[in-house]
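The two complexes that follow have chain A in common; it is paired with chain B in the first and with chain C in the second.
== the complex of A and B ==
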């Protein structure tokens, strides 16, 4: 194998550089994502974790060009397989969506059009295959439904979304997302709306599909336990800022940012069983209009020093494949 | 679906029966002697008494009501006090004319208003959306009798393009169509604005729903998302409204008939009121109520048929 091919094989699928998103509002600009850089290597699962409102959805929506420039100011660079997404026309973006990049949403109950049968939904999105017959499109849909574990898929094609449970609907969403054989799948909290058993099944399914199709996945969640189960890399978001990122094992066994440490300490799934009262992180997330100078986490950090209030800590490596944005983290 | 249809049908029937009863009772408690009103001041007491017995007015109200409903079931609405014609014949003659006028009026309003609403929703807050918005509001706020009079003055009197009055020669289809244009224009006018606003609002709401974003994430073309994925949902409240609008339109059609001097329910009702022709008034009102209830029923069933949740239920 030549070295050029080797390089291409390992070239990142998605590359986000210094992405910032500020929503234009009556009160001025609300910063939702600030200076985030993130790389998704081919065939890997990258987790994005953060509390509600930390900007996870905004980050991935902006990265896919789903946020219009009229509602928000977007700066930075997003490259999908080397192509600049943020400067693409609507037409070019449409060509990418569903074929190169697919997305599944947080709430499967509202993601499927209620007035359309599953068969129609699944054949409609194959509209690009002009030469392909309807029978063939339906066959592909059936095959994919079977793949995601919908029993008796032929007869279910004529059914409507309301005839499926939440878990089944999320499976259908995943099947739809995989129909175009995307190289990147973005899953925005795909299990948050489901119960624990369903959640485990969906996670299992995503892992299996990722192995079968070699799809790279961006997996968004506010649940560290799930991230640990499925991801190769993790990025921790706090109030729109990337505070720590790296390989999943490093983050879990050697967290360096006080916020990550607190998150791990608060995660009920990761706590020893006998603990009865859950610890919580004291203080509040800074609002979009009162972001402090210096470190974004200073108000809730018990290590905060003068430098933290003056200088915003850069993301710097703490070990191989692990970086944290904290003045107190030990560097290498 | 069938169970639902049956339920809705039962409801419609109940509404009909109740409104007829209420109508009947109102007529009963209205002060004054109906025979005196019917026969005029110069009638002798003997004439009044004869009519009173013929109309069954001597009996207690529930007996009268019973008689009324049982003859209603036989399709007997009584007879015209003046001409002795069965009222049902008058209804059969006038109601279809009025219904055609209302259908045409609402038809062109829907054919123009719904696409305008969709277009507005797609072009939201752009200049053309604003212009459509202003025109829609203007159309809504114009009373239909005003539209009728101006339409008459401009197209019939000044420009002399269209006939001003009448319904056209019987049997001459083309002539009848030409005579239909102005009144249909007048009664549909406000509804163009109304429908375009409603469709725009529901369309915008639907376009904001998650499943639309989901479809966009698959790169489906925007026209397909709007016309297939969103319209199918946004059109449901519009159909419900159209069902009720049709009933409302019957009453504007009545005005239009009077202004354009067209035979129909309006003309006959006006004449019946002026001559205190009580059975004819009652018969025309009843048939209008019936048509109105049927229209809302049809609209409901149509919505149910388009909504898989109801269609696939019982």
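== the complex of A and C ==
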């Protein structure tokens, strides 16, 4: 029995298997996510990194059942604590979202309803707790606001979102997300709209909260610095394909996929001194309608050989807890 | 090339009557306060700060796009903006501005061809030569000539930036003011744009005012850096010095707040807490003393001035970090 409990404890919170998302349109099917598999272990932070249009947001939206089957073709499996998300009814999904899985969005300016006070927002979100009195809900709201570092929370409950700065609003969004005591928190570029000093504070806060609440976090970002700062595992997306994944240290210190290497080389923070020649990745990301056969990165890759133009490389292990989808990467 | 002295830009926050009713004697905010800087031909000055620090307002004021309250702008040896004097047209005639949002700064009704031709017509190019010049400019910025007939909405963010550069070049400017030229670009393409700006500057010898909030780009791209906080320059100096040995506590905190892409070098402490105060409630004394970890009683009484607080140092702080 103890071994079964042990297994349960280590069972992944979120398991995505071979997920593909294609949007049907007049020009045919636009493939946004292709064959992505990803697991989120309990109590860990998994980063999804990729440039604009790489399918980061589509991936997590599909994994949460937020994309309508009427517009998109979704194949694969998504399991949250063993339950199949993609085949759940809307009613079942609603019971999970906001309580078991919560989300923080990129833009704290538009994520909060401008016509409701913070107090109303924070108590409304506890609507599921039927037996709980309003006083108790307010007390919980105040406690959570204090936890995320809002000074003097009691008096701020009557204020409206526009009276807060961007950083404070993002703190409120985080507080609202945590009120349901989620076991999985999805953060979609939570610091992109913020200045560096505020970004550092929010990252610091998320790390602290992750320890306090032992929540698993999926952290989506295009910023390598932030991914390195907060994540335990990293998945690198390129044009909807998962090209490399592994422990954060492996990805940053021993990248195996040419795209990951090039991306790291492009980050100006890693440049040694003043340069007149900034590294870049020449060429463009393939569009969703004209995806090549073979490797998705071949057109911009300087290692591309014949096999890369014919066969799409599978994700295979290159060392323990590290896999790359490249024909040229040496496996184990 | 460009010299700015004690420039000040004030905005009125409410009408006189409302201020009277509300009992506010001072219904103004200073978006830019006593800023002095200069840029030599062929060099790049980076203007760095968080949102609301007055970077863009300063850029606009230099071009005469925003009315200045005090101070002077000297361009090419001639004072063209001063109290009671506005010859900013002459500045605009010899400089170009690249605005923050690349797509919305291009008219959606004009094709790329016309967008660039406009700038050439201002320069009185003969109509017969305009087409050839457009092709030359497009190839300079690395765009295929086939893009001429596109509308702005058919361009990617990177292409729209390049059109912005081509438009700027068409004016043969002596000064380019680039307002957040890399914002919204992915790292894999921003390098190409920066290289393009570098090349343009080398070829034309123009001065460049580079406004950005991206610290690592600023550090590696610019010759000199000026750090702004609440409308004032708190530190100015060579890019390497400022980035590596920032003396002002704010500049120091700003650079330390930058995430570094290495999981083995995670930061454990937060040096800068709190947030930027509102311009309407500028603190007494040093603007930064409310957040400063090293603030002393003196900081809340006196305003440290750049170059005077500590003689000889280009830092607006009474107790700067020693250059170690």
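Note that the second predicted complex is superposed on the first by the 326 of 332 C-alpha atoms of A that agree within 3 Å, B and C clash if a C-alpha of one lies under 4 Å from a C-alpha of the other, contacts with A are read in each partner's own complex, and residues count from 1 in each chain.
Keep in mind that, in the parts below, a residue touches a chain if its C-beta (ideal position, glycine included) is under 8 Å from a C-beta of that chain, and two chains touch if they have at least 3 such contacts.
Everything numeric here is computed off the predicted structure, so don't read it as measured data.
On the superposed chain A, the two partners chain B and chain C both fit, without a clash. Of the two partner chains, neither chain B nor chain C is touched by A:213. In the superposition on chain A, contact of A:103 is made with chain B only, not with chain C. Comparing chain B with chain C, more residues of chain A are touched by C.
Seen from the Cα centre of chain A, chain B and chain C lie 70° apart once the structures are superposed, a value rounded to the nearest 10. In the superposition on chain A, A:226 makes contact with chain C only, not with chain B. In the superposition on chain A, contact of A:200 is made with chain C only, not with chain B. In the superposition on chain A, no contact is made by A:23 with either chain B or chain C.
After superposing the two complexes on chain A, the shortest C-alpha to C-alpha distance between chain B and chain C comes to 7 Å. For the contact definition in use here, the chain B contact set and the chain C contact set of chain A share no residue. Chain A meets chain B in the complex at residues 64, 66, 93-99, 102-103, 105, 107, 110-117, 124-125, 127-128, 160, 162-163, 173, 176, 180.
Of all residues in chain C, those touching chain A in their complex are 50-51, 156, 186-192, 194-195, 198, 213-217, 219-221, 223, 239-240, 253-254, 257-267, 270, 272-273, 275-276. Across the complex, chain A meets chain C through its residues 51-52, 165, 167-168, 195-201, 203-204, 222-229, 231, 248-249, 252-253, 262-264, 266-271, 273-282, 284.
Touching chain A in their complex are the following residues of chain B: 209-221, 224, 228-229, 232-233, 306-309, 312.
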